[in-house]
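As written, the chain order gives the labels A, B, C and D, with residue 1 at the start of each chain.
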């Protein structure tokens, strides 16, 4: 049938990039979602199945990570300008466009950050047989630390490929539920529990999410006499190290991919002994 | 077939409640999502279609709004305790449970609040013909004001039922995109634009979302010389007044339902004249 | 500051409309999400707070429901054309636009429909102490029936405002989990359980969601000898009757608003007796 | 502070697994999301930072992919039983649990599948200056083919690492919008357009998403005389090949990870020439 290509555009969307500026003291982070798209002389890709002009979208993704290494990314407009300058000079490109969304973090301490975004404060209150019982909690309190997190010494079996690490990003979304002692009614203690969780996450020298979880629970119990126990659920939001060596670049723990699936999930309940 | 009811529970979920404490100066708000569920002697509802013991879930919802009127709701645990005490004494109920999620807001001024939850900072940068152009922006900046918002004087046709109001809740999620003058590179101006938008939202005596939008755009242009224009998109997140008069209660603009669908959507671009 | 309104648009988004064509036998439904937007001579709304030209977005919503009453809505393009013709002739309007999204349903029987959209088949398998136990299930199986659903005879207390009804829309998203007898391994029975749930939902003369739930569970147990018990969780996705009488129109159970919040939630476990 | 670990559980969640049964003719697929969790003697991980008993959650993920290779996965219950048997015998484990969600696909042809899940039919109708214009469309029509998709011959620069492939999974969620000729009112043509898109996706020997997109657009124009043009937007939902060679297993294009981020995005408008 006589058809024609009237317009075309292609690219890579939802490139997740976290850059840690470790040179800075305190550390700084920038957390971005980037879409790259190109227009240009790509007709034969569509009409003839001829890919000789088709810069792979996987290459676009690699390029974003590689260029992120040496750019300060102090402002997304400046980094995006570098990207479009690079892509605009590739063969056949008549227009290069970069959409960027920056996810802001607020600082907890020198190496830890918080995104209170979807934080909610929760309770479950139940009455049966003339007695009321309850738990209190919070969820969606997102935190990240750029250092003081290790994971090593774990067993290796025939399906183990994970390398040991003494320095990784640790990120999670805290869900906590706790029980107050019978008759305790000072529900404003939520704030003390929350502070204890945040401070411990930030300061803990972590050997595992499990160990940090335990320390956080312990700190919450210490901070509030009214607490009987606390249950924590910490998804491990993996930030994957990007291997830049194929591009002749070192990555001294600066460039990471933030991922959502799969995720580790660590849960425990801590009580007074 | 010989079957039996082994366990049952029913209730109303996702009851959205916003209470404004107007007596307080400054105003205070509490924003909750509540689930009520009951267990008890409800077998015949399932097995015989006999509803004589079945408290309607719509009644549960009404009850939550009615009891919210006179409760301070200083802590969700206390309000939920009142609710389970009420529901537990209804005929047939052996267990009443209330799940509550509180959505925290931070204060902007005496009558305005912010939920920076899903805020993102955005840019679109494009390069074609050897020239780079860009817009900057933000989205997901959620704000609410408890007073200084009216909507009246609009035309009434045969499909108009909306009453006029001189005092309503105004809530929106700000999306803004702006253009800097050619060559302007001080991208840190994002912060000044953001502050201008927030301060104007909080202080404006609003006759409509449209008028507030215009004032916000005007303020952003005034705050930053580098801005050429700004486009704003403001969904009107309707907070519906709850009529408590069937329950013999007044509602002096204190009890509202936060809704998501449908929503007004107001958009405009403001330039320097 | 010298600012000017360069462009503006406003309207109502996410108007949820379900129309049942009862004249047809079998019944037919159409399920739409509609956005209306207008451009035109609305500058003074923005700049002067003068609403005399501002058709309320609430009026737009009412108009959509009212015009839906007499339109066949056989194709969304035709209904949307009627809407833009109506809105384009309102004072000041230079451009009227209607976005429509139709959510397709497939027919189960004369008065029941299915949207297999997000259906998932689930299992939880656990091993401890050398023994494996499991449950199987499904979730996200969305169904709706246009008749044979009543809710009446429920108790009325001081917070009850819900009218009794002998004919309403019943819609839910089925979540089911069931247990097979020890040693039973014919996991293909999932299909027989699913069919029993759908057929019973479609054919049941419902006095309540509870009664329909029980009948569905009973039918699943009857359909599959290997089942020991089945637990069902049925959110009541309320379809609210639209009162068209202010517009001089009858609504013989044809025009509804599909809502998401709040929702009833009915749960029970049925076993062999 | 005297605290104690009352309960703990950990594991890997949202492991995305797609298995293609290529031996079968026609091909068969199974699409799963799996959560693995373990309970047992892991106290020292929490309290002492001693990871010697802590099977890495990354190892759990690898194990799921490796065991999927040789299991038929005819029923999720059977595969999950194999998994819990494997995990239950690891050191320290007292309880192994596997949650599985299967995402059903319906067959389009021997090597292609459809998930009509979130499909919507769309239109945008606009009236200005006394004239009505419109586009029609659909979105959320998810399709996947297990063969007849290649991507090779693309340029390699210093940031290119993607290997060439002559056989990959191709999956996308179709968004299409088309324009009918002026005065054309047979809106039921949506069905013919949809069928042309699906059939062409299924049967096309694809050298790239771009080429398949073009063929789909061409087929839609051929199928419906009333169409003036059609615009397609096809996200490339990458299914990543899992390298099982570290576990001594071949992966003859059977085991894949379904990913959501990042994704390629290919867009074009096809007209009659």
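Brief remarks follow.
Keep in mind that, in the parts below, contacts are C-beta pairs under 8 Å (C-beta built on N, C-alpha and C of every residue); 3 or more make two chains touch, one makes a residue touch a chain.
Only a predicted model underlies this, so the values are computations on that prediction, with no experimental measurement involved.
Should one ask which of C-D and A-D has more C-beta pairs in contact, the pair is A-D. Over half of the residue numbers at the subunit B-subunit C interface are used by both copies of the sequence. Each chain gets a centre from the mean of its Cα atoms; the one farthest from the centre of subunit C is A. Distance between chain centres (mean CA atoms), subunit A to subunit C: 35 Å. The geometric centre of subunit A is 23 Å away from that of subunit D, both derived from CA atoms. Chain geometry summary: the mean Cα position of subunit C and that of subunit D are 27 Å apart. Shared interface positions of subunit C, defined as residues touching 2 or more other chains, are absent. Subunit C contributes residues 1-16, 35, 37, 42, 45-59, 61-63, 66, 90-91, 151-155, 157-162, 206-208, 210-211, 213-214, 217-218, 221-222, 229, 231, 235-236, 246-248, 259-273 to its touches with subunit B in the complex.
The part of subunit D that touches subunit C in the complex is made up of residues 39, 75-78, 80-81, 83-85, 87-88, 94-104, 116-129, 132, 134, 136, 139, 185, 187-188.
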